[in-house]
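Read from first to last, the chains carry the letters A, B, C and D; within each, the first residue is number 1.
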Amino acid sequence: MSGNTTGVIFRVTTWGESHGPALGAVIDGCPPLMELTEADIQTELERRKPGQTKASSPRKEGDRVEILAGVFEGKTTGTPISLIIWNRDVRSGDYEALRNVFRPGHGDYTYAQKYGIRDHRGGGRASGRETASRVAAGAIARKILVREGVTVKAYTVALGGVQAGAGVIAEAGQNRLSCPDPEAALKMEVALKEAQKAGDTLGGIVEIVVQGCPAGLGAPVFDKLDADLAKALMGVGTVKGVEIGAGFAAAGMPGSQCNDPLLPSGFAANHAGGILAGIASGQDLVIRAACKPIPSIAREQDTVDVNGNPIKLTIGGRHDVSVIPRILPVCEAMVCLVLVDHLLRQRAVARFPSTSVI
Amino acid sequence: MSGNTTGVIFRVTTWGESHGPALGAVIDGCPPLMELTEADIQTELERRKPGQTKASSPRKEGDRVEILAGVFEGKTTGTPISLIIWNRDVRSGDYEALRNVFRPGHGDYTYAQKYGIRDHRGGGRASGRETASRVAAGAIARKILVREGVTVKAYTVALGGVQAGAGVIAEAGQNRLSCPDPEAALKMEVALKEAQKAGDTLGGIVEIVVQGCPAGLGAPVFDKLDADLAKALMGVGTVKGVEIGAGFAAAGMPGSQCNDPLLPSGFAANHAGGILAGIASGQDLVIRAACKPIPSIAREQDTVDVNGNPIKLTIGGRHDVSVIPRILPVCEAMVCLVLVDHLLRQRAVARFPSTSVI
Amino acid sequence: MSGNTTGVIFRVTTWGESHGPALGAVIDGCPPLMELTEADIQTELERRKPGQTKASSPRKEGDRVEILAGVFEGKTTGTPISLIIWNRDVRSGDYEALRNVFRPGHGDYTYAQKYGIRDHRGGGRASGRETASRVAAGAIARKILVREGVTVKAYTVALGGVQAGAGVIAEAGQNRLSCPDPEAALKMEVALKEAQKAGDTLGGIVEIVVQGCPAGLGAPVFDKLDADLAKALMGVGTVKGVEIGAGFAAAGMPGSQCNDPLLPSGFAANHAGGILAGIASGQDLVIRAACKPIPSIAREQDTVDVNGNPIKLTIGGRHDVSVIPRILPVCEAMVCLVLVDHLLRQRAVARFPSTSVI
Amino acid sequence: MSGNTTGVIFRVTTWGESHGPALGAVIDGCPPLMELTEADIQTELERRKPGQTKASSPRKEGDRVEILAGVFEGKTTGTPISLIIWNRDVRSGDYEALRNVFRPGHGDYTYAQKYGIRDHRGGGRASGRETASRVAAGAIARKILVREGVTVKAYTVALGGVQAGAGVIAEAGQNRLSCPDPEAALKMEVALKEAQKAGDTLGGIVEIVVQGCPAGLGAPVFDKLDADLAKALMGVGTVKGVEIGAGFAAAGMPGSQCNDPLLPSGFAANHAGGILAGIASGQDLVIRAACKPIPSIAREQDTVDVNGNPIKLTIGGRHDVSVIPRILPVCEAMVCLVLVDHLLRQRAVARFPSTSVI
């Protein structure tokens, strides 16, 4: 229980380092008899793959997923699904200079503190590359959700200080940043180019909307649906804040404004973000995650080496300017994992026999 | 595993409804031979107790905790500690009118959806009263932390739209809202009075600062320290957003600003909020939680009954105007529970034999 | 996670010491809308209650269970069910002489080794009295099983070296030892009287038969149904061995004898005890648990005190001659807990949509 | 949580089917900075490897383990260790005739009942081959135990009805069956040859002795050390019974005989098998596991196909005559996994600061 497993029923364990031979995930608890191919998973990995755009790292990872277990003749068997993604194009030598240096904003220092040993090559286990395993596992979760009529879609609502205005989600796919506000998207692209030129990086805010989430999903007290979503997203290395529905803005509202009235036709607003008392209300789930700028910058920084000596560090190598848009499928994957786990948990403790609710 | 247990090693299970006979908590995994009395726990409960201030509910809960197991001759035995708090002054009749009504902003509707049954009296299990169990359990966790030199302190940084300026934490205890900015505290009090007059309620933002958190605490990937903190706080019914360090503001910073430089004397800033890659850096942990306004308002609201008929609802009874300041010890308790659990987990997997870290 | 919780979905946590104020259990994960009263649970507790027979301890425990949470208007709500049993007739003074002595065969020595502290009064947490909490929780599990058509029945197949011949299970209830072989039952009673006269105690073997267990229940690899049953029963203090179906006898059979042939009408034998590869076959589950003699004997024994000094110990006080028959409802309770947990787990991961199996 | 993970702190998840591309294990929770090579693991796998003796299956599995993650420059990093064993020499065609047939004594029928789908090739996930993953993970656990001075050794005490007399454990390694009684070993070999000639298979009993287990290891109530050992061993497909110390024989003893007296020099006997009230006493742990005969026999058996039609089945292919001796390292591995997990759990909840125990 060292933190590499998530879920109660739909359990995902990831393993692998950025510059080791491979990454992978084991998914235990996937219902049997579901059709599943490597292509189903590959589709999601492609969305996360680096090297596609100017803003992304030019490293060619390949990211070909292989299913090693748990699928027989195209269908899940109910036993653990084992996925592997081989690391290719791994130039560990690039990192030799960093062996004894703590990069600011990275996990180098804290890993050394915790373990007394770290794989310094590309962040090892703390690398963003670890999220490939999550996306792969999330692709399986998504297949289950699709069967239940649930869709999960992440888009960009802020980047480098540029805020998207209220846009149409359907527009989000039309630009490579998945920003529903086309004008803001253009400004974001400008900000990215300028940051790159300056050897700097940018952060942003991702909004995830879940449609079709069944009312009743979730749990009271500690494992609230929003609590598990917050953990899942805050568990992505780049995320420094998570909010649901009105989120931090709710703190400034009076109750008479924040409460969502109930009408015979349904809820009249959605400040709750689709979750009341930790349980889904049947409205859309609306979640936002704040992503910090990528810490690997090309500008000179103050840091120390493992002996505490001061160092002026300039990081070269292949790095993205922003985690956006590559983080979008990661956020979706994390939300999918939480929803499927709660979906299966709900089946377990639903009343006997199932009847209409109200 | 229906969501009422938290922690891997230091495990807390809470039970009880607002208007049932009692509430309680079972704490399994507390190390033995620690001195523990009911007074240790009562001290924390007093901070959460209602009826002390004008802004708080006049209900006299009493909230006397009793230790039923796990302590022998004043010391913990290493076996489960069972705590009970009897519910007194319970006027269930007050709630009879709400039996068939869904109060906006409450869990009434979602509990009905999930379970097909709900204890309508005061929110039942979804009541804020459930947090008394958490505060009681947190008091035990805090005793362990104190021995390790770790302090956890929550204060109010916003209320009803009034933002506290940068204040001195030590000031926070000097006013009943625990706001480090005395001027802002006065404005918050005004806002509370006006809201009460208007039959309305207010939200706010709580900041929790942890001093003395050992570097190395936490875990990679899913169980990151910040991920577990986010879950713990988002698992408090009133919380709609959580951020660590710079939080949402980090999304607008360039990397060259957001990164905390490392100097031989230590970190030169703390935008990370004391956590890098999910593991504590040894700096102060800084966490903020956004609390929505209490949904029980005295103003008329639109809602429906269990048959879907429209209703004009005005909620009477004894209710606070804001969860602040009573939520402060709850937030502290949740943070204490997470820290102790990670502290004990770290002892389990620390290297053999323990040596200095770097 | 210090060992006082069992189950993945239907989770039971017990707490309480033999001579503390109370014992209890928290059951999280019980489906909602099931009718449940204290009488349902009391019925099972009565079967375990001491003081009913000559062979049992004359201590009057009372053992009145109270439901403190999780049941509303006679039905489960889906939230944690909290049960409490107050300890009455507790004469702690009886045990004062044992404060510094390790009783042979008891947990005194090992608790001291583990915790450095122990509640010496009646075994504290290691007391057989702790099983009252299990029986109470098991009564709720049994109610679920009954709805699914599953029955769990324990009976005595050996006591004090007297083996029961193949009997009729229906006969088992006709004598107070629940032995299906009436002649053997008489011999067992004689053995009990002689042991009591000699200041000694006796062990025995309990067989538990489950009828109506749905085929498909269980899990592969580590959480096999038989593995979980073995853990559950070996987790009862008195149990030193567990076997399924042919059990140890299977080790002496050739495969041609041990295999249960499959005929169009069903299995032609049940050496497997109803479980193949960790999953229920639809046949009766047959499980046996070997119970050691109660270690508290009235005869003089060699032991040491906490300082390692030799002591001649003769234990007085109120003690049973054998755990049989009081252990029978405990064994049933443990089996019920395992079966319900696997039943709910199976609902979680069953294929979508459910269809006929073969 | 579908049963493929074991351990609370030292968590092992296995995956893979007999005739899929590979098997593997993910070990999360191994302390960092421990030296670990593939050779450390390979040594244990060699002991389990088929094809070495006449009694074992001639299939050449190869069983070369590769470490894919969690080890850096020869040392564990504290992050998940991922192990893979590629399946070679897989002749799936051998099993085509069994696609629609339920082999008696195998998991074919119950897997079909549970999942509605099964990989019929060699048992799929239910194959004994799955235990290679356990042996690999157990090898890592053993390395930790060795550092703590704990040894785990399994030997054969019965095979095909031949019982070993009281032997010297040191002798056990001198014959290929690891039987401490050389004469019995010869008779066992004869029994094996006769069974093979008859197209039949044999069961046996394995005894596992743990030396150096620290007093205090274990937990009360549900997670007793013996309970976890029982689960671990009963979770091996072939095992139908588990006993600790005197085991089933204890059921026939009076308390005056079964109790192990405590002398200033230590315990005067070990009927308890080294565990009292679920916690290790510091004596040797003694555990026995009853293994059924391998169900794949060359003699004609009655069974049915998936449509319920009667079939006369004769199983060809490459099969062992007995799980002994190949099961010995599997039993050792399971015991190692339990002990390491409890060792790390004990470190987590040990008192602050550690002091001498009594």
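Assume a residue touches a chain if its C-beta (ideal position, glycine included) is under 8 Å from a C-beta of that chain, and two chains touch if they have at least 3 such contacts.
Since the model is a prediction, treat every value here as computed from it, not as a measurement.
Set side by side, the interfaces C-D and B-C show unequal numbers of C-beta pairs in contact, with more at C-D.
A centroid comparison over C-alpha atoms places B as the chain most distant from chain D. Chain C and chain D have CA centres that are 26 Å apart. Averaged Cα coordinates give chain B a centre that lies 45 Å from the centre of chain D.
Averaging Cα coordinates per chain places chain B and chain C 38 Å apart. Multi-chain contact residues, meaning those touching two or more other chains, occur in chain A at positions 1-5, 8-9, 14, 29, 32-33, 78-79, 114-116, 125, 220, 345, 349, 351. Every residue of chain A that touches chain B in the complex is listed here, in rising order: 1-6, 8, 14, 102, 104-107, 109-116, 123, 125-126, 130, 158, 160-161, 195, 198, 200-205, 215-224, 226-235, 237, 240-248, 250-256, 258-264, 268, 271-273, 275-282, 290-297, 299, 301-304, 306, 308-310, 345-346, 349, 351, 355, 357-358.
Per the touch definition, chain B reaches chain C in the complex via residues 1-5, 7-9, 11, 13-17, 20-24, 26, 28-29, 32-33, 66, 68-70, 72, 75-82, 84, 114-119, 124-125.
Across the complex, chain C is touched by residues 8-9, 29-34, 78-79, 144, 147-148, 220, 344-345, 347-352 of chain A.
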